[in-house]
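Chains here go by letter, A, B, C and D, matching the order in which they are written, and residues are numbered from 1 within each.
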Amino acid sequence: MEHESAGQQSTSHGQIAIVTEAFDPWIELSTYEKSHLTAGHYGAAATFVGTMRDFNEGDNVSAMELEHYPGMTDAQLQAIIDEAQAKWPLDSALIIHRVGRIVPGEPIVLVACWSAHRAAAFDACRHLMEALKSRAPFWKKETLNDQSHRWVEKNTDGYSAP
Amino acid sequence: MEHESAGQQSTSHGQIAIVTEAFDPWIELSTYEKSHLTAGHYGAAATFVGTMRDFNEGDNVSAMELEHYPGMTDAQLQAIIDEAQAKWPLDSALIIHRVGRIVPGEPIVLVACWSAHRAAAFDACRHLMEALKSRAPFWKKETLNDQSHRWVEKNTDGYSAP
Amino acid sequence: MSIKVKCFASMREYLDLSELEIEPGGVKNVADVWLQVAGDKPMPDNTLCAVNQTQADHSFIVGDGDEVAFFPPVTGG
Amino acid sequence: MSIKVKCFASMREYLDLSELEIEPGGVKNVADVWLQVAGDKPMPDNTLCAVNQTQADHSFIVGDGDEVAFFPPVTGG
């Protein structure tokens, strides 16, 4: 699938894409798996999709503007994938992140890891997501129902379930 | 998507299916999300797909027969989902598991959890997968390249990456 | 009435037995069911048992109408 | 030559500045760049800095041709 792309890099073991248009994560996963993975070689695919909610911190949210730092974002995402590749035996890893104007129900981010075994796939997928949330230069500005705007000030800890 | 189904149960918060034919996990996820989830309500989807490899414990594997205990398997999978629903605030959970003859590259199991936040989705997805591996009555018999057969004797620990 | 016995996977092959109905006379618990269907074949160490599709140990009391299953450790997923 | 300065998100709004080139004269490190572009506006506590698209602290040495960025904590994903 070709993207209206604000940045894309591909290595033998992974791919990142920063996209300006809505994407369907399940179609992306299907397409990527067919083109980048060898059937029978991987036994585990762990994936995460972050989707825009219509509420945040007790308020209704009607839209969001997602800003990024072109160049640095791509480099950070690639570095995060490279680190994961060094730490876990991954067949491949994929990150897709949306930028620009987003409305509730639309996917924001997709992270996926393929490996021979499930522990590596699970660990690497979650690590990629937490590294992305803490290090990749993206910023969210929410539009509330009364048309006022506010910047999201920080990301929450993703390892502590409520 | 309708399945050649050996067992299917649906509750307001989750669904299990034991299927006898090959399934496409990404189409299943897309279909399930459209029919069972409310856009804008969930912010996180964590999924896992287990796929048959063409190697195991150092040997090439050409096919597999997946046996189950009809009735008990369904009840165990439903119990596992109910437990996860009680422990984490999930919008929905889905388990699909293949039985019968399987060849390398074909998906064996799909587990997916949707929640408002990522920690709950990640934790619940992994818990469902480990609970399934340790408690759901399925058994694998591998066919090696020389046409000999062997039972897989036990599942490995899914929390320890190599 | 009777007790339904089921065996799965390598246990089915070990006992050459998939499904059987036995008379409940003289059967008090899961261990007695094993003796009825397996005779002098020893029960493998890692054998799991279920009564009415819920896991149970060897001393679990069974009788008329129950379903008892024997199987090895599960290996799905 | 010059130093390119970029600001993102709430920092862009705070300084009313998206991108600017400044003369490197008198600029030794990141903190000096801030003084040049922000004047007497204090740097918010949680401000992050990057030099040539790699995160850096305020004492990081910069000069001709470098790209310096200021931004708040990241909130993607």
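Things to note:
Rule of thumb we're sticking to: a contact is a pair of C-beta atoms (placed from the backbone, for glycine too) under 8 Å apart; a residue touches a chain by one contact, two chains touch by 3 or more.
The structure presented is a predicted model; accordingly, all values stated were derived computationally and were not measured.
Listed here as common contacts of subunit B and subunit D: A. Per-chain CA centroids place subunit B at a distance of 27 Å from subunit C. Centre-to-centre separation between subunit C and subunit D, using Cα means, comes to 72 Å. Rounded to whole angstrom units, the spacing between the C-alpha centres of subunit A and subunit B is 23.
In subunit A, the residues that touch at least two other chains are 50, 129. Within subunit D, not a single residue touches two or more of the remaining chains. Chain pairs that touch one another: A-B, A-D, B-C. Put simply, subunit B touches subunit C in their complex at residues 50, 66-69, 71-72, 75, 97, 108-109, 129, 132-141, 151-155.
The part of subunit C that touches subunit B in the complex is made up of residues 6, 8-10, 46, 50, 53-55, 69, 71-77. Against subunit B, in their complex, subunit A makes its touches with residues 24-27, 29-30, 33, 39-55, 88-89, 104-105, 116-124, 126, 129, 156-162.
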